[in-house]
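What follows is a set of structures to go through.
After this come two complexes, each holding chain A, first together with chain B and then together with chain C.
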Partner chain A sequence: MKDRQPSNVPPCWSRYTPSAEMPWDVRRVVHLHRRATFAATWREVRRDLEEGPQASIDRLLAAKGGMHGEPDRFAQTADALADSAMGSGDPGRLKAWWVYRMLNSPDPLTERLTLLWHNHFATSNLKINDLAIMRRQNEIFRRHARGRFGTLLRAVVRDPAMLIWLDASVNRKGHPNENLARELMELFTLGISQYTEKDVKEAARSLTGWTMEQGAFREDPSQHDDGAKTILAQTGQWNAEDLVQLLLDHPATAQRLAWRICDLLMGEGTVRSAAVAALAEGLRARNLDIGWAVETVLRSQAFFAPANLGSRVLEPVAYVVGAARALELAKPAPSSMVLADWCGRLGQDLFYPPNVGGWPGGRSWISPHTMIGRANFAAALLETGLVRQARPVDVLALPKCYGRGEDVGAVLAFYSELLLGSVLDPTVQEQLLGSADSRKSATPQTLRRIVARLLASAEAQLG
Partner chain B sequence: MNMAMSARSVQFAAFWLLVLGPGIPRVCPDTGPVAVRGLVVGPDGKPLAGANIYVSTATATNRTEPKVRATSGPDGQFAFQPTQAEVDTNETIVAVTQGLGACWAELAELDKTGHLPPLRLVQDDIPIMGRVLDLENEPVGNATVRVIRVRRMASEDLTPWISDLQGAGRKSLFDLERARTLMTYERLMKPVWGILGIPASVTTDADGRFRLSGFGRERAVELVIEGPGIESRQMTVVTRKEVPAGLPPFIYGARFDHRAAPAKPIVGNVREMGTGKPAAGVEVHCAFVSGSGALTDISPVIGSKATTDGQGRYRLDGVPKSKQYVLGTAGGPYFAAVRFMNDSAGLEPITADFEVERGLQIRGRVIDKVTRKPVRGIVDYFPRPDNPHLKDYPSLAQVSKNTAPIEKDGSFVLVVLPGTGWLCARAIEDRFVRATVRGENGKLPVVLELSRYHAILAIDVPKQEAEQLAYEVSVDPGHTLTGTVTGPDGAAVSGVSAVGLTAAYSLVQLSPPKVKLSTAAFTAFGLQPAEARYLVFWNEDKKLAKAVLVRGDQTGRVAVQLEPFASAAGVLLDSQGRPEAGLKVEARYSSRQSDVLPGELAAGIPGLGGPTLPSPQATTGPDGRFRLEKLIPGMPYDLFVRRGKTDCRLREDCVLAGGECKDVGEIKPEQASTGGTR
Partner chain C sequence: MLSRRNFLKNAMLLALAPNIPGFLAQTARAAKPEKDRRILVVIQLDGGNDGINTVVPFKDEGYTKHRKLLCLPAEALITVNDSIGLHPALTEASELLNAGQLAMIQGVGYPNPNRSHFESMAIWQTGRLQRGERNGSGWIGNTLDSTTQAAGAAGAVFVGGGQLPDALRGRRSSASALTSAEDLVLSEAVRTKPMVAAQPAGNDLAAFVQRHALDAYAAASRMAEVAHSKQDVAGYPPFELAARLKLVARLIKEDLGARVYYTVQPGYDTHAGQAPNHARLLREWSGAIKAFLDDLAAARLAERVLVLCFSEFGRTVRENGSGGTDHGTAGTVFLAGPSVQAGLRGTMPSLLDLDERHGDLKVTLDFRRIYATLLDRWLECPSDAVLGGRFEPVALLQGG
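What follows is the complex of A and B.
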């Protein structure tokens, strides 16, 4: 693998080099995959452990991942699944399509970033009510997930999903509707308190004339207010394109973009504002190149620092898909529709974010209700496989396959390493193993329960 | 009754009409049991010897292999004697021979001498080769592929159907445009429910693959795929190597992969209300609610029904996992019951128990008033709101009506209340007059929409002897008018869209059905003497249109000469006389016309509103000007403007001549009245 480093890395994002204090170990390999993808299989963990951090990150960036290598004709299959979802009119099938992609894509990092943009530009099918439009927006997120933010932003705000979601077609000359203008500034670019109410009103005037016709974007010059406007202290006959450029050029946009990327890849309280500012500065210097920022963070010392390990609450999608992926449930594979349904039950209903602000994330994912839900998911996954014709998971299969011990303790140790990246604290281990009887009679059912408890443990909710 | 229930009622009624078969409006000759004679030809058009001829009595559920009734001779000719029952129920005559695709015709197609149109067998070189996969791209073995029916066009060319379906786009199965296209072709495509020698079902192998052959080229084969853990799904397979892109879902070419969603089993018990006894022989079916909350997809109903056993237990397999399920019961001496069930996690069964309420089972028959032959369709029962027994039947209050299909012999069995109510019949063949009820103005329940039905019979059912009674409902073909559509040059024009040719409203849309005329000739059905009706014709490509007012008592052919579209222009001003920009102006059929008709046309003009008729729209420009294009000459229009959420009528009863551009002048708000109708 080519050993490369993003150019001109800010000092606080200096490159990670394994050391005695921060060795390249199972913990860090698992950490990399839990943050940047949807968890790794044990085969992938061992491979990356052997090849080192640079090669592992190179592979992620080169989109050469995938559960068992690239599935045959992955793209063709994914497209066929999406087409059949469109045809059925069933949103559950569209969600299943995306989960299939997350599980099987050779480019899981891009799928993770697609989910990030789905949350950043949160648009719900509850209002859109058109699977084809939702799919199209999702493809935009994917296509530009690691490109220039300006390209992504322009594609999203001209796309029917956003135009419908934020009522662009009723934003007409003389009758401005501020919804798109406000969210464009507050959520998609600058962030709150970076603009005034006057800016919003003027931005809405700039956006007049952007509308839809027969399901496609259309610019209607007769509805555009071409008078002078003052936006962010700059005056001109701004139109929608000008507005987007003004926002992209504003330093607050880079700052918000840097925050968004850190929010995904860095743990709670592990990144200082100076580091975010440095990342933002780097983004501005590189025309808001998302890929550069993602690579910079992933290769950094800060990313692999002890404080950043296990310091972020896994969102339901990462938790659910990650579990299915790490356990290598492939023959038969769990139902992607059921996995998507579980994501929704745990609070993250794909294509249905709660509002324009997206999912709050962080600790809000955790409540007594969702913890019970996660435990139920873990039990259902292990006991039924979530397949069409219920089949309990053979939890001995993986340790056997990888030459690990098959007694209760060894099985727990294996799954701890696979799922958490480390052997559990003895106290936690005791709790998971339960009664002495269950340790002696290690029936398949006992082992499944232990692995389910591990998946439901507090430690397994952090990534 | 809430909106969801209303939608469900229409949905199930539409479903029955689709399942029962075609609705070709035609006038059937009174053939009697004369011998059937016919000619079988091969793909080259030459007489074909040795073809087996049989009468297909197969249905969606009964696939008994029939006996061969005749074999074509060296000259391709055949003859046999049908039974009176076969003639009455308009059975299908099928010609079959090894190595060629079958051909068929209905007994109603016999001419006066007892001859069928030639039966031309087609090349059979395009087998159906399908594969069933799940949403994880894994093959589904041991799935059952059932042949429901096979359809063909009289022209043996499916291209017009495919083209119209492309127009419907890749929309959901319950999309109105798609439903309308399907309904149109239900009338045009001749079906047969089973073909001798073609198995009623096959099973997929371990790789999820199956093969079916013997249908021949240019056939639309309806299949249901159902299997372990997968949703049951109806689909149409076109026996062409490839079908164009952009077709609605689940219409495939002869080689296809079908991706089946996982199923959610539903189990439960059905018990009799009050006694708690198990209710055996009750059918439980399921529709489901899409993520947007709308009822969707009528087709899985075919695969998603079960019948209770002696203990009242049932198990529904094949229901696609969804957010919510709408479960209903039917059959036996019980009223229908409905439950809405939320989904549970995973694919383990959910339990839905029912208590069903016993009613009175009545029998009846629906016949053509003139020929007295059976008529297929559906019958709805509505209790009168003032029926004193209604309060004793809470389940009927929930569903507000009961529906039953009319069988081939015209018979129906329906569960009703004792006391007064209405039996409302809707024939599949939409060639009868619309139902009327004399002296009941203001007494009909809101959900009893007269325009949907061909006949309504008021009944008063005695509590004790209900099961000995037999009700006869007759539907009246009324008067029929035929005519021709020509262009401005007098030459015949085909491919014209038409509204008003039938009397009843579409069940799907509650508006007059739109048809596309394949030739210049048309027939208007179900006219009553004291009726006036607009027949509306238009062709957007040719920019021609015409609306003509016909009377039910007129005779002779109707000549319709299309004219160029008309237009109307005007200026909208505010109360200060300033132009009003960005307002939507719309021209709609003027329902007020019924008020200005001559008094002897007591039945008035059926409304022409609804989505089937074009309603031209325009938006006012910066100068307040608007221009409405594509107005149909001869049709009365009201012009409306939308202000906020209110429709204001600008002009009333505008009737324009062909090619005319009417200037309606400057209009201020005080010149417009609120309260538009749609």
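What follows is the complex of A and C.
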């Protein structure tokens, strides 16, 4: 599988090879899964540890992951969940469908990227108010998640969700509405300060005639302004297709796309602008191939560098779904509806991003009440299993299953490796264990609380 | 941004040096006591408050002409001056008025009043009259977009159930929502001191999260203390709005960093049987707001807080056939707090000389001038950009 390595990798994205300084260890396996998926189970950690980095990444890219390893059954269950959401009209069920996918999909990397595009093209059901339209947009994100950015962009901007969200229908010849034009430039492609207000106005004229009819995209030539427009210093009788092509061809789009991918996979302050530029250049040379950029970053030395480990605040969805996944709560599985609800309480309400800019992310996830919320989630997960009939989690089950020690110290060591990828700082460990009644014969409740507090700790918010 | 409380805490940490982690010492040195920021609390009186029966122009001949069942007898009113009296349920509001803490601005609206709850509320929440001018963000969201926020601090907090009001949506900034104080209480299983590593956290981000964990747990434990101690904050009446304002007061005392708090008192859409319902709503509103300001004053925080109360429209001058009133035009806006120019502000429109086109009260003050006042003179954020144009501030606050 060595030939899967992307060709002509830019030097600042050179391939990671394990070394004494940067060994392929539990920490790095956990790191890979934290960033590229929604956390690994201990079985997956051990497997990847044995197979090595490139084979582990091959597996991720080949979409051969997932909890149950039965893709057909997964797809059937997922579709049934989505259909029931449509039938009920309950947005909570649509959220649950997606969380179910994140937890169980054999292709968790694509789910991770689907969430990235949901944030990049942030559309809220608050305005759309139609679950079928939201689901359809989500499927577009998923279908093109790792394809060419142009294909993704074209599919998204012609889809009803975006047309409704950004008022395409009221943008008519002689009555331009700048909403879609502006966000198309500022958020979806070029980024701010790469265009003028005049560009926005002219772009809005190019987009006239795009509208909706009976829930579907339609071009209405009678509403299209076919006069000459000058956009980004190029003059022509541009229509909407031309505009999209102009934007895709602009270097700033590749730059923004490279930034977006680094923003997902790389930590705070770990990427220099030269590295983003190199990735952008590679993207331009490959027709904005998202999959190439994702693979390049995942396989890189920079991705596994010490500075990149634990250098991001886990977004609520990654925190919540990741905890449920790592703990392998399967019989019974936690309610994906309840998990989605917790994501919302912690600030990331799926299908309801706060505005067209998406979730601000990074440090803004952390506030006093979300820190308390995260701790309460950890407690609820361990104490009730988040199932209909509350059932405390047996925290000895996993260490037993994997042949690890069952005394308090060993249990804590196991869970800190599983959840943080590393052994705890000794003083933190001491403080956690300090609450145990007796080191040797801790009650199940004591053990649960230790794991809950570990999951609530500041360290566990980073990934 | 570090609050004063954090600064003091950090000052203590400095005193403990060199036993404290390096990152905390560094932050403590960097912190300066800064000017305490001002806070705006918005109460949305949902449904369209009947301003005429709230601040009553009892001398206006139109009042007895148009209001029969709903006419409040002059002798029952709480006197403000020889032509205006307050609804009898507004005892606490009149105390605030006498204490120089309540401004009542009359005749507030906008050109070409819209009588749809949805449209009119959208106009008030966005500060934009035309649908095409709205881009999904509200006037407070726009304000927070144009001011820098401390990392990790929500610019605005919505207290209450249901959807986040559009007023709080920014193009970039976002507000957080709290349903109840329970959201700030730690589950028993995790109710312990957060753990702190002896070694300085590896990087600035870890230090940041650690610091917020410490702050959050400290706030939660004080919340729990308040919740568990019998000595609750006195004076709050047992109503929903009062409970929400009590939570807002707690959040302000805990210094959680928000500049705007927003809550809703529903129920003002009094199409039928208005008299008892309106009296109840006003009693709850006035009791809650007085308790809130008293609570803040006791904590020496009232000077930092200004309360704005608005409704999407006033109600019809004429009562309808069901003992109620319908969607009207101009209404009354309230500002409360020690910083207001108390008393009657603006000009009460006549109940006889009605707007010809709408057959209802003439608007004598554009609500955007009130927003401009709050933006320019309270939140210190240039109002032009937020409101999409220049609106002349009005003398509503002390010092201009």
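To be clear about the criterion, the second predicted complex is superposed on the first by the 451 of 463 C-alpha atoms of A that agree within 3 Å, B and C clash if a C-alpha of one lies under 4 Å from a C-alpha of the other, contacts with A are read in each partner's own complex, and residues count from 1 in each chain.
We take it that contacts are C-beta pairs under 8 Å (C-beta built on N, C-alpha and C of every residue); 3 or more make two chains touch, one makes a residue touch a chain.
Quick caveat: nothing in here was measured; it's all calculated off a predicted structure.
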_First (chain B), second (chain C), both or neither touched by A:386_ = first
*Check the residue A:125 against both partner chains and state whether it touches chain B (first), chain C (second), both, or neither.*
first
*So, does A:376 touch the first partner chain B, the second partner chain C, both, or neither?*
both
_Once chain A of both complexes is superposed, is A:357 in touch with chain B (first), chain C (second), both, or neither?_
second
*In the superposed arrangement, does A:347 touch chain B (first), chain C (second), both or neither?*
second
*Mind working out whether A:301 is in touch with chain B, chain C, both or neither, as first, second, both or neither?*
neither
*Touch check for A:96: first (chain B), second (chain C), both, or neither?*
first
_Which partner chains sit in contact with A:335 here, chain B, chain C, both or neither? Use first/second/both/neither._
first
_Shared chain A surface residues [contacts with chain B and with chain C]_ = 126, 345, 376, 380
*asked:* Please output the residues of chain C touching chain A within their complex, sorted ascending.
replied: 132, 135-137, 141, 151-154, 163-164, 169-176, 178, 183-190, 192-199, 201-203, 205-206, 208-210, 212-213, 215-217, 219-220, 254, 256-257
*Could you please specify the touching residues of chain A with respect to chain C in the complex?*
126-127, 170, 177, 179, 267-268, 307, 310-313, 345, 347, 354-357, 359-360, 363-364, 366-373, 375-376, 378-380, 382-383, 425-428, 431-432, 435, 448-449, 452-453, 456-459, 461-462
*For the complex, which residues does chain A have touching chain B?*
71, 77, 80-81, 84, 86-93, 96-97, 100, 125-126, 129, 132, 172-175, 222-223, 332-338, 341-342, 345, 352, 376-377, 380, 384, 386-390
_Applying the document's contact rule, which stretches of chain B touch chain A when the two form their complex?_
134-138, 170-174, 228-230, 248-250, 257, 259, 261-263, 290-292, 296-297, 320-323, 343, 345-348, 581-582, 621-622
